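You will see two complexes here that share chain A, one where it goes with chain B and one where it goes with chain C.
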Partner chain A sequence: MKPRDLGVRFAEADARERLRAIADVGTFRELAGPFARLTSPHLAAQGLVAQSDDGVVVGRGRLDGADVALAAMTGEFLGGSLGEVGGAKIAAVLERAVNGAVLVLDSGGIRLQEANLGILAVAEICDAIVALRERAPVIAVVAGRVGDYGGMAIALTLCSHIVTSEVARMGLNGPQVIEQEAGADEFDASNRVLIWRTTGGERRVTQGHADVLARDSCSEIAADVRRVFALPRNARRTSVERLRPIVDAAAATATITRHA
Partner chain B sequence: MSDSRGTVWSRALMPDARDATAMPSVLVLDGTIAAQPWRILAVRPNPEARFARARGGELGLDEALALADALHAAPADAAILAVVDTPGQPYGLREESAGLHVAFGSAVEAAIARRSAGGPLFALVVGKAISGAFLTHGLQAGWIGALDDPGIEVHVMSAASVARITRETPAEVARVAAIVPATARDIRTFARSGAVDALFAVRDPLAPDADELARVRTALASARNAGAGLRPPLARLAADGAQTTRAAALRVRAHIAEQWNA
Partner chain C sequence: MQEIIVERAGGESVLRRAHVGVVGSGNLEVLCEPPSTGGARIVVHTTVDGFEPIWRATLERFLANRPIAADFEINDFGATPATVTLRLEQVVELVLEPER
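This part shows the complex of A and B:
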């Protein structure tokens, strides 16, 4: 049997392509885009060049006709880090969203160079996700090469549904930070098998930390987003009752096999 | 082992409180301040914690779930005070494999749910307030107070970790912090962002005296009576300090507000 054509790979697409692929054809309208000249004021003093969109693209569009907010990161600018401008963009569209939102997260965490302003933005984003979610779906897509770490990984868990792929991974601390802080004996950041086996998209769906494992395809991810958009929220993801046995099992595990 | 800053302040603020602690590393106290019911929550060290990387006061898997439980199960009429003093989150494979971000999400969820349902949330920063641990324990509060003390640290990472990542000397890190306030870690700079509602002078942060405690209690009671514990994080952008420190965020929001229906 001939394998089905997956079309454009989601992981290879940039933020605007990702949002155009998800929104109803021709409906995505970018807001606070590159021509608005809203760049980070904090980077030049640290010897870094700001980017015209600060690594985050946001806007308004339709999803099966519903009027939704859309936001995407590509993970390319400064490691997919979230700074003041990018954080404010995401919070602002979530606060204005009418019938729901789609967040494409590809984030290495809060931007070290804008530290505390990034933290404040994530607190606002978490609150905005929950406020919107009470009246309309907030769908997260984590299917990029960086995955989702740090503050935006906490925000991720609050979303109504999470669509991911085998390409992606999710966690609080990334392998490099753990290796640096706790040593390679704790987490060897070059051990890709270990990283995906413990934190990869497929594992997160099996665990119940994410909802849908999509193939790395723009059209398939767009279809999955539409499908879960019509479903009631997965409220169990962050319930203590569900998480307690997972944490107990982790505590009872003496060591995690580091080599397959 | 001497008591942590978080333990000292929690107990001193409500000396007659009932101890409702379910797990040693998350102190839960039910008592009264100015004749109103409060529940104080503080993460503190426990050298016997079952996760080795969360024995020094870090907010780990067990601590996050205990915070979520304590928020859900708090007396209905109690205001919550998160006493913040944590070096951050544990860096471990076991934690990541289990899903530390989801455990944190459960505590954030519980805090937002409580505030949204009319339960006031307050935070008092008495020690370190680092990154995900601060997002999970403190930053969803409607009102944040802090000690005006050089031992307070607010950042996304410990100073030592930042130095390892950036390979910068402490002098270089300090030079950048002086010109880019977002990267500073002292409480006075953080307060200038509009995120801190009150700073409290203290002589010895490990031994608050009666006057110092009375000032904090009075501030908490009047903030509660003013409804400050119900404000969403977004309200911080309206603070005076935010108008200059967070000017870029305000510009972005103004732009999107204008273009949304254009």
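This part shows the complex of A and C:
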């Protein structure tokens, strides 16, 4: 049997291509794009060149006809870090969304160069996700090479559906941070097999931290996003609901030792 | 960080704008839009200082080959001259291609 043609790989596509691939054909409209030149005011002073979209692409588009908010991060720009401007763009489209949103996360976390402003941006995004998910699905797609770590991993756990692929990884602390803080015996950040076996997309779905394991293909991820978008309201899950079976299972098998 | 500006008079004005690339390691982004002056003007922001002669040679050759008038902005993160030329050609292809 001929293997199925996966078309354009999602991991190889850039942020705009990813959103164009997810939205109904020809419906993605970018807002505050590169020519708006909403760049970070903090980078030049630190000797870094700013990007015209601050590493974040936002806009509107349709998902099986429904008008939704769309946002995607650029993993290649400063490690997919979230700064003040990019964070404000994501929060702004989420706050204006009615029928739902798709967030394509490819982030190493908060941009260290922007420190507290990045943390505030994550708080605004989390606030907007929690408000929106009450009335509509907020779908996260983590299928890029950076994956999703740090502040935007916190935002990730609030989303009502998480679609991932075996290319991606996700966690609160990245492998290098764990190694730096706890030593290489605790976590060897050079061991790629270990990293993907513990934090890779496939593993996260097995663990129940993520919902859908998609193949690394623009068309398949677009189809998976539509599938979860059409799910009934009671299929939406938050981090607490995702973790409940894991905690319950652990509690059922745990033996409580009392010390006299 | 360094800013470099290269200009050339004349050329046929582009009517559209386009954006390509990313400010990632060994890469750059290029914004191209209709000219604010009578000719071509390229503004470069680069993290890597000290390569102005190479930038000028690369950009002047590009402008000599492409008789267009447009404003270009380059945000660079250590791209090689070959990558710079490819990105410039890519963005020009986008602004000149017929509307899809």
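We take it that the second predicted complex is superposed on the first by the 231 of 260 C-alpha atoms of A that agree within 3 Å, B and C clash if a C-alpha of one lies under 4 Å from a C-alpha of the other, contacts with A are read in each partner's own complex, and residues count from 1 in each chain.
Here, a residue touches a chain if its C-beta (ideal position, glycine included) is under 8 Å from a C-beta of that chain, and two chains touch if they have at least 3 such contacts.
Everything numeric here is computed off the predicted structure, so don't read it as measured data.
Of the two partner chains placed by the overlay, neither chain B nor chain C lies in contact with A:24. In the superposition on chain A, A:166 makes contact with neither chain B nor chain C.
The partner of chain A that touches more of its residues, comparing chain B with chain C, is B. In the superposition on chain A, A:209 makes contact with chain B only, not with chain C.
Contacts of A:77 after superposition on the shared chain: chain C is touched, whereas chain B is not.
Of the two partner chains, neither chain B nor chain C is touched by A:67. In the superposed pair of complexes, A:244 makes contact with chain B only, with no contact to chain C. When the shared chain is aligned, chain B comes close enough to touch A:158, but chain C does not. Residues of chain A touching chain B in their complex: 31-32, 36, 38, 40-42, 45-46, 58, 60, 84-85, 87-89, 91-93, 95-96, 109-110, 112-124, 126-128, 130-131, 134, 149-151, 153-154, 156-158, 170-173, 177-178, 180-182, 186-187, 194, 198-199, 204, 207, 209, 237-240, 243-244, 246-247, 249-251, 253, 256. Residues 50-51, 53, 61-62, 65, 68-69, 72, 89, 91-106, 108-109, 112-113, 116, 131-132, 134-136, 139-140, 154-157, 161-162, 164-166, 176, 179-180, 182-185, 190, 193, 195, 232-234, 236-237, 245-253, 255-257, 259-260 of chain B are the ones that touch chain A when the two sit in their complex. Note for the complex: chain A touches chain C at residues 14, 33-35, 44, 47-52, 74, 76-78. Put simply, chain C touches chain A in their complex at residues 1, 17, 19, 22-25, 27, 29, 31, 33, 45-47, 73, 75-77.
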